[in-house]
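Shared between the two complexes below is subunit A, which pairs with subunit B and subunit C, respectively.
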Partner chain A sequence: MLRMIANRLATAILSLAILITIVFFMTHATPGGPAFSILGQKATPQAVQQLNARLGLAAPLWQQYLLWWWHLLQGRLGYSYLLNRPVTQLVGDYMMNTLALYVGAILLSLVLSIGIGLVQGVTYGRWPARLIGALQLSLYALPTFFVGTMFILYFGVKWGVLPTGGITNLRLEQPGLLDYGRHLALPVLTIGLLGVSGLSRYFGTSVHEELGKDYVRTALAKGLTFRAVLFKHVLRNALRPLVTILGLAFPGIFAGSVLVETVFNYPGLGYLLWRSALSQDYPVISAIVLLIGALTVIGNLLADLVNGLLDPRERYE
Partner chain B sequence: MSAALTLDQLSVALKRGRGKPIAVLDDINLTVNAGEMTALVGESGSGKTIASLGVIRLLPRSAEVSGRVMLAGTDLTALTESEMRRVRGRDIGMVFQNPLSALNPTTRVGNQIAEVYRLHTGETDRAARARALDLLGEVGIPDPSDRLDDYPHQFSGGMRQRVMIAMALACSPKLLIADEPTTGLDLLVARQILALLSRLRREHRMGVLFITHDLSIVEEHADQVHVLYAGKSVEWGTARSFFAQPRHPYSQALLGAVPRLGQTRLASIPGNLPDPETRPPGCRFAPRCAFREPACETAYPAPETTGGTMFACRRGREINPAAMLDAVLDDPAPIAAPSRGTALEVTKLGVDYERTATSFFQGMIGRKDKMRALSDISFSLRQGECLGIVGQSGSGKSTLGRAVLQMISYQGHVILNGEAFDTMPRQQRKLARRRIQVVFQDPKESMNPRMRIGDIVAEPLKLAGMRGQRARMAQAAALLDRVGLSERMLNLFPGSVSGGQAQRIAIARALATNPGIIVLDEPTSSLDVSTQALLLNLLKDLARQDGLSYMLISHDIAAVSYMADRIAVLNGGAMVEFGTAQDVLTRPTNAYTRELIAASPHFRTNQPGGPTETMEFNPSTVQPSAV
Partner chain C sequence: MSNALGQTIHAPGGALRRSAAERAANWLGDRGTLVTGVALAAIVVLFSLIGPYLYTASPYAIHGHHALEAPSAAFPLGTDQIGRDELARLIAGGYATLIVSIPAAVLTFLLGITYGLAAALSPSWFDKVLMRVLDAILALPGLVVLIFFSALFTPGTFELILLLGLTSWPGLARIVRNEAIAQRNRDFILATRQFGGGTWYIARAHILRVMAPILVVNATFLVGDSVLALSGLSFLGLGLQPPYTSWGGLLQTGLNLIALDPWWMILPAGLMIFLSIMAANLIGQGLLARFGAAR
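Up next is the complex of A and B:
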């Protein structure tokens, strides 16, 4: 097990290094370079040259690359062109909001997917599973912003039970956790539900496949009830593929959260990325891309480790 | 003698889709006495597994079951589902085929055994664990306390089956049902499992229902035999009288299909098992029977009795095995071109397996563990000769096949037509490789399920540069004809053919480039005995007609003895014996060879309590496998 962890960790570090390199070259190879976008209409050749010198963009690319690594290892990601604040600080503020959103959304879709998938797998080929299948497809077909807008319309405007945007109620003197949770509810619900359609279907198929395996017959022949077989034997085996795709789900969730955070005016990384992209704020963009990439690598690593716990055969390389 | 299990007119009908229920098992009457073993014998599709699932009531919900299943005086068909659950695992233990998939891969074996004990006795975890430990010891697992917390994949095939048996024994059941428990295991291991079951049933006075397709393996252990064909009992009674004089033509054919030493032709049964939907109205075996009369085709014969057996055959009294063999033996093909040149020569062949780097860092610095899979193998293969390569799993026999096929790298030389592969120029080597073809164990797994049979057979032709789909299909049809298949097969997909047909298709594909040599890697081990007989006869005929040379890789020494002119025995990657089939089989010099031969049913003396009784577990002569 230790050997497997060391292995996976080494692979994760290698992936991150490759990712960092790609991000560097993509942002530094943009036409005109960052100076153009900072200066905008004032970009005379002279001004560009001056700014490049000031930002260290005049040096040869390999020097910039090494410098980028050096800064990265110290946690320095530069300054936002637009807001003129250190990127680390800026991204840090927004990241906590995003993490709260992701964790909530993933937990929600995990719980729902396991419940729905179990029913679907057990009743495979009969009407409950077919009904679930139809619901999954229709939910899958709905665009994120539409679902989000509908939630705002009903929960926020029509029924008035939940706030529709922002992160705290500005009129409260001490907002507190409950208020934070109320603001989180709709974005979490929107992103969480989007994941459910795919994940539950995947898990349902996995449960159905496991139920067809020989060890299920063995367990029944021992005299266990079907319920005991399902929860003591099948569940653990069926979870493995679910964990694997969940570990790779971060980029998808992030793509969804750009829209959702914008719709809900929620100050998270997706929202920040959207604003930074509009103004070509490269240091912020690259920091966010790096962060999401790092989350993906970490998610994948966690999935591997969880699978190692679930299945002893995964522990030996 | 009290009965542990009695089946009284057990019938099962299964529904497929929305159609009418189809009878798959008809009026089975069968008894398993306490402390005895009853063998339920039949080929795939005979309904034997349906019968066992009918006993523990684990058939699909749509199944219609009639008749009675009496377990020590209780009618199981009358129990409620929750009462039945208390019977499963407590009064009836089940052992299934293929223990790797029948055990939960993610649960420690100790916990899997303890689970059933705790469930039925309500004992504590600690007591259940102690029981599991005792059981592992009882079924002959070395160092049981070290193995209790291992997972199924950490055991070998035979040891896994012992774990299954320990699990089935946990609550000291009255009846143990073993459904093909030895299929897929090496013969040596299979016989150890059988000896274990025999010992356990005597010690625990437990009835054993042993389900198998292979009559030969139960010959020395079964007290009763019950032969099923297409869902009907055809012959049943005491094992002693059954094996002394089988009466039903199907029983006789089954026994005749098992290869024995010195046999020139195997009895084979023409045709296929009828589908449940299209079973004939009279005797179900009639369409394939050499002794049928018009009356056989209209009414099912009433069972008759002689000595210790009952049989359902109109002519069972008059026919005897000798007549039987004469009637079903087809003539072997004449030898077309006897030539004795050398087809292939292998000198000082060795293969190292590099275990893949065990960690990322080891991979980076290039450190690899080397395992010697084969060392110093030399032999020559003559034209028209069949060389048998015999050994247990892990002995290196498949590795040898792969090296000869140039699929892996090796040291030493493989010489074809006087020229070694390793010295040939690239282009010539490519052409030379076509001269050696291969047929694998699992024919369906070795075919692309989305390609038509015609394209599968013609693919080597295409690769060899033959142009024109129509010409290739004509050639494929001719190849199918050579292996006894109709050209109607050309447009089918592998999913819709039987195992025996699939293996014929694989042979047709191997023949496509007109090779001189075919490597047969366990070609019949996934087939029923009667299908195996057909296939071995076919292979023999092809060799005689075309002067083909075979390398027959098998753990089944009986099949090898029927086919091979010379035999090489591998153990732990080394060739421990090599000689003519006659010499190796009758005067083996190596202890391991002797053990292999002793495990094979028809080379040993037929007295119960003979030498094989004592060889339940004797790993001393088996070298640890190299891979």
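Up next is the complex of A and C:
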């Protein structure tokens, strides 16, 4: 187990290093460099030169690259051009909101996917499974921003049962937990549904595959009830690949949440990314891109480790 | 006959008849998927490409007295906030969406195949390097990279095609590489190598050929992904810029005015995006099932 942890950790660190390098070259691919996005496209060459000197952008590329690493290792990500606040502070504020959204959405899609997948796996080849399959396909083709907009139109505007956006009611003096929950409901539902189509399909297939295996026949033959076999043996085995898929689904969930946070004006990382992109606030953009990449790498690492805990065979691969 | 698990029990005698009937049902099912997909795709493409000739109202003409009107005889899908014909805008938006996303999917396809094959046919140390880099790129969601680069400049049609193509290939590259590695050591390819076939020849004449079904299926999925990515980007206001419009842009305008309940500005555009992606996925699924059955 220790050896596997060390192995996976080394891979993750290597991925992170490559990622950091890629993001460095992405930010320095800006035509004219960041100076233009601060001063505007019509900046005079003198002004650009002065600013470049001040920001350390006049140095040769390899020096800037080393400096970039040096600053990263110290946790210095620079200042937002737009808000003139340290990027780490800014990103930290928004990240907590995004995490709340994520945890809610992932829990929701896990619960739904396991339920739906069990039904689909057990009834494989018959109409319930076919119906579920058709629904999954439709759900997969529905863009999150369309679903979110429709939710706002119905729940918020037409029926008026849930708030249309934001994170708390600004008119309340002390927004309680209930108010947060009401604002979280629609975004969580939208992102959660986005995850369900793929996850439940995958889970349904693996339940079906597990049901056809010898150990199921043996368990049934020795007199266990179908329910006991399904929930004690099949569920555990079918859940294992789900962990990996969840790790891999992370970037997709984030991409979806950029759109969903924008739809609901929810102050999370995706919303911040969008605002910064519209105003070309590069330090913030690159910090978020880096953070998302790092979260994905860590997500995959955790998925591997959880797999190792669940299945001893994984530890020796 | 089936047991509690839904597995077919092959009773003697009846087995043959049953499996034939089942096969027929499956074939119809797969065919149904494919036919539905092609029909949807035809509707979407005809609507967007032939639409301008059948419905000639201008998507840019402003009818000031008819701003934000619900669907009527004069404006079948209503008007937007400055009185432009929504149906005409939906058609124009479809044209703009397809004209960007289809070439972008082609570019993605070519880049993905090139990278994947290059990795699979390189010496193993170089394959490892390419795959590590790919892992890192795949850690970044495509949309995030897209937002990053579209913030750099205001993209026109051509830039959007490049942008979408250059940011969407990593997923396909991984599929191609893994599949090519699986094919690389099959006997007939080893035999070709034995007879002196070069790497380029083997890639072109054998590996690409045996991979053709998988490539075709993924190509259809790519078109759907491309429509989705472009619509998302336009929805964020980072895609095609006004006065030109796209389905994502129409949705965004609808969202901005949502307090006024303009369902006709939201539902049609959303449904068109849904139908295009659905069409691509159904065709992909249908083809996948057919190729699977043929094997």
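Definition applied: the second predicted complex is superposed on the first by the 314 of 317 C-alpha atoms of A that agree within 3 Å, B and C clash if a C-alpha of one lies under 4 Å from a C-alpha of the other, contacts with A are read in each partner's own complex, and residues count from 1 in each chain.
The definition used in the following text is that a residue touches a chain if its C-beta (ideal position, glycine included) is under 8 Å from a C-beta of that chain, and two chains touch if they have at least 3 such contacts.
On a predicted model such as this, the values are computed, not experimentally measured, just so you know.
By the touch criterion stated above, A:R236 is placed in contact with subunit B alone, subunit C being left untouched.
In the superposition on chain A, A:L193 contacts neither subunit B nor subunit C. Residue contacts after overlaying the shared chain place A:D311 against subunit B, while subunit C stays out of touching range. Legend: residue contacts after superposition of the two complexes on their common chain; A:L224 is shown touching subunit B, with no touch to subunit C. In the superposed model, A:A100 makes contact with neither subunit B nor subunit C. By the touch criterion stated above, A:T123 is placed in contact with subunit C alone, subunit B being left untouched. In the superposition on chain A, A:I167 makes contact with neither subunit B nor subunit C.
Shared-chain residue A:A10: touches subunit B; no touch with subunit C. Ranking subunit B and subunit C by residues of subunit A touched puts C first.
Subunit A residues in contact with subunit B (one complex) as well as with subunit C (other complex) are 220. Subunit A contributes residues 14-16, 18-19, 22, 26, 29-31, 122-126, 137-138, 140-143, 145-146, 149-150, 152-153, 156-158, 164, 211-212, 216, 220, 226, 251-252, 254-255, 258-259, 262-263, 273-274, 276-278, 280, 285-286, 288-289, 292-294, 296-297, 300 to its touches with subunit C in the complex. Note for the complex: subunit C touches subunit A at residues 4-8, 132-133, 135-145, 147-153, 224, 228, 231-232, 235-238, 248, 251, 254-255, 258-259, 261, 263, 266-267, 270, 273-274, 277-278, 281-282, 285. Of all the residues in subunit B, the ones that touch subunit A in their complex are 56, 58, 85-90, 92, 94, 96, 98, 101-107, 115-116, 119-120, 151, 153, 164, 167, 356, 358-361.
Across the complex, subunit A meets subunit B through its residues 3, 6-7, 10-11, 213-215, 217-225, 232-233, 236-237, 310-313, 317.
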